[in-house]
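Read through the structures below before going on.
Two complexes follow with subunit A in common, the first pairing it with subunit B and the second with subunit C.
Take a look at the complex of A and B:
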């Protein structure tokens, strides 16, 4: 930054210049091998062949394909995607409720005092935690890819992939919600000798039901998006359709599907918001 | 530990909730019916078919040294893709943040807002599939795909940060004769810089996760290795890749939890 002092002589007025320059130099040294590893070759973008392929593809985006036959296929795929997300979340709840209840500290009898089978419950809790980590640690699309090999192409693999990943995710959040609220009623019940399930139903559920439901609905919204993505490896729904159209370089179809995808995500957002409002 | 004073009345019976609940149950049952899924059938399917050997092959991961070295370079590739994409995206996003925050007038504001929303609404995997056409298979496609999506997300977040930041310093510099660029660099940037950095690191974390799976459409990294091994029916090798992915996600999770805890700690 050049300024002119009162004597009219220009001078550089950046007090932080040297440290900033060092920072840039050091980052470039670190960045260089990374750029090599990522095969960072921007000039590929200017390769005339590539431009032609992409250009021909993108030109077809407008106008989107609006043939009645194709729209019908897209509609069926969209409903399939919504059904996949709903069924997936329903199965995920079946996985998450027992796991979450097992993990949650606020239902732990062994934390109140040394019980008879303290080590056993500690072991069960460890296994449950490991299972939860394993289920949600592997991305849903990897599960989908594996399950497609078992169940074949189609929505079954997608539903199960969502059930597995979101089961792990929900169980973590369920256990956290159960721990974050008022845990005194549950503890009082446990101390006076009630079973864990009774303590959950009468001590924890009344005060946390709304939050649990609200979070589950939010996850359904995410599952809609996830089931589109899972479709890319052949797990049915809108994603599978988009993958097929892309492989055939049919730009018009891809742009129709993209538009439908945007509308679907917007719709899911609003449905989830509506339900969560009702719960308040 | 909550005290008795913040005890809330538990929810009472409400008809509306029951109706909503009933509708949801109906739609869920309909979903299973529509997809032709019978949860009970999964188990019989499990017993009938010969998938047990398929799953069993995953329990003997390939741990030979040459393959582990290959996995190592896969991890480095994944990390490089995510790091470069995040860096590029944050640089682009600083450029996008100025118009998004309304510094160049309302027209530019709504236009860049639309651009950001568009960039982030298209899933990374779709960007990757399109960009593979433009630059061919390989990690560069993954890098560009992540860059585009992340630029949309960060552009919006950066813009909001900039909008909420007080303009006093900036105005003071401009009033004392600094140029607009200098005023931004020295009056505004130092104030919002920590927030931008924390957003970028958060996105980097997500991008590492994303970079592991972008390979499914041919965009490099561990995902491409997994796709390839599964296509060649080499389950032991695929199993190694999956374990690596799990490991990578867990390490990133642990580091980010530690950092977050440290940050919360330093903030008091």
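Take a look at the complex of A and C:
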């Protein structure tokens, strides 16, 4: 649109400007009540009374507890947590690989043809998709609470809770990674008579292995943290230890456990890096 | 493999008519070159022959059976007897050459053998022999991302030689190679076809290669067969007519400026 301002110079306005302005205004109007509902009041942080309370709380964390007896307990709990996370992820992979491969369209023979079984495979995909949604739709803490009731206190419940939710998450991401890569190699193999799994191994895995592995390791890292939450409801490991320390208001112990967490996350980061380098 | 193509047409999803009423038949031992301007429907025809696409109307029979009417299992078997050389080889760049060639036999192998071969190739001599024929034997254990475009195209050819299909389809199989190499690769494809009494159908951009090597030429223009003749009978004016959309300039390997 060409307008002439009072000075007489030609003035060109951006036709998208008004719609963009409206979009920003509408977003703000929607966002504001949400912040209100979430009781988002960051200024409370600056309240001197609150600063004092916070300070007193944080002071308890220093210094970390380094008594030999406690460190030994932490070590055992760390191993338990790692075992829980690793076993959970291993089971999750067992759930996720078949589900992910079933859902992924890039390995669909019925898409290429013949059309006769198309409805059937569509139905199978729907069931798999629903199962995946159900697994990851329920938070792991709920699964943990439920499973603790069945298996009693201890890591079994934590492992299964992680396996179930993470199986759902991994299968969703696996199928998306498989579809976002270059699917032509797998398709070419399918058209020359290869089976789905062979086409996956020869056509799809080489180009997606890196991404699949690094996402799985990231999920392992998340599982280490999730096992803590599971620990709070009695599923053992570092979480249970942290829960006890917090209940006894023992800040030194809590900060020791937090340091261990940092080390574990750092470890996961390096494992991921190592695997990515290997698969390059 | 004998193929009958009966009145096939193919419409793309957007309604674009790629092929109209195409019919021809081909016997075992025959080699056919398909020529035509860009966008004339050569690749679509090959995709229909490879059963990657289903004809909108009409039918294709491979050795007497219509792949779109048989069971899933029978179709898989038909597909394993058809090998396609693609213009840009559908090979993951992280894969080793030996694995990319072995992939040609996935349709014949059990899943167990396929997976083991991924870790340790159960057949090394086979792929090596195929690569030797294309002067690529020394690249057996290299990764595909260290190959040039022409070398990768030859890996695609080696895969199909290793597959040993009854119907060899090739979509501009030598488009990234220099003239000397092009001739040697085409001669390998034709030798393979004749020696195993298979069938070769190749689309070619370079008209001179088609006329030099193939005993039968099918010219396609705007999705229809313009002529289906032995090369001796194909005249200059027929070719000019075929490439009218490209100002009558005949695409030759010689003037491609390699």
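Note that in this section the second predicted complex is superposed on the first by the 214 of 280 C-alpha atoms of A that agree within 3 Å, B and C clash if a C-alpha of one lies under 4 Å from a C-alpha of the other, contacts with A are read in each partner's own complex, and residues count from 1 in each chain.
FYI, contacts are C-beta pairs under 8 Å (C-beta built on N, C-alpha and C of every residue); 3 or more make two chains touch, one makes a residue touch a chain.
Remember, it's a predicted structure, so these values are computed and weren't measured experimentally.
Chemist: Have a look at where A:258 lands relative to subunit B and subunit C in the superposition and call it first, second, both or neither.
Modeler: A:258 contacts subunit B only, not subunit C.
Chemist: Using the superposition on chain A described above, determine whether A:201 touches subunit B (first), subunit C (second), both, or neither.
Modeler: After superposing on A, A:201 lies in contact with subunit C but is clear of subunit B.
Chemist: Per the overlay, which chain contacts more subunit A residues, subunit B or subunit C?
Modeler: With both complexes superposed on chain A, more residues of subunit A are touched by B.
Chemist: Applying the document's definition of touch, where does A:188 land relative to subunit B and subunit C: first, second, both, or neither?
Modeler: second
Chemist: Indicate the residue numbers of subunit A shared between its subunit B interface and its subunit C interface, in ascending order.
Modeler: After superposing on chain A, subunit A residues 182, 184, 206-207, 209, 279 contact both subunit B and subunit C.
Chemist: If we count contacts the way the header does, which residues on subunit A are in touch with subunit C in the complex?
Modeler: Listed in rising order, the residues of subunit A that touch subunit C are 109, 112-117, 182, 184-185, 187-195, 197-199, 201-204, 206-207, 209, 279-280.
Chemist: Mind listing the subunit A positions that touch subunit B in their complex?
Modeler: It comes out as residues 1, 3, 31, 33-35, 37-41, 44-45, 47, 50-51, 53-54, 57, 79-80, 82-84, 86-87, 90-91, 133-134, 137-139, 141-142, 145-146, 149-151, 155-156, 159-160, 182, 184, 206-207, 209-210, 225, 228-229, 232-233, 242-243, 246, 249, 258, 262, 265, 275, 278-279.
Chemist: Tell me, which parts of subunit B touch subunit A in their complex?
Modeler: 1-2, 6-8, 10-11, 16-17, 20, 24, 27-28, 30-32, 34-35, 37, 39, 42, 45, 49, 51, 54, 73, 76-77, 79-81, 83-84, 87, 121-123, 125-126, 129-130, 133-136, 138-140, 142-143, 177-179, 182, 209, 212-213, 216-217, 220, 226-227, 230, 242, 245-246, 249-250
Chemist: In the complex, go through subunit C and note every residue touching subunit A.
Modeler: So the residues of subunit C in touch with subunit A come to 50-52, 54, 67-68, 72, 75-84, 86, 90-95, 99, 102-104, 106-109, 111, 114-115, 118, 163, 165.
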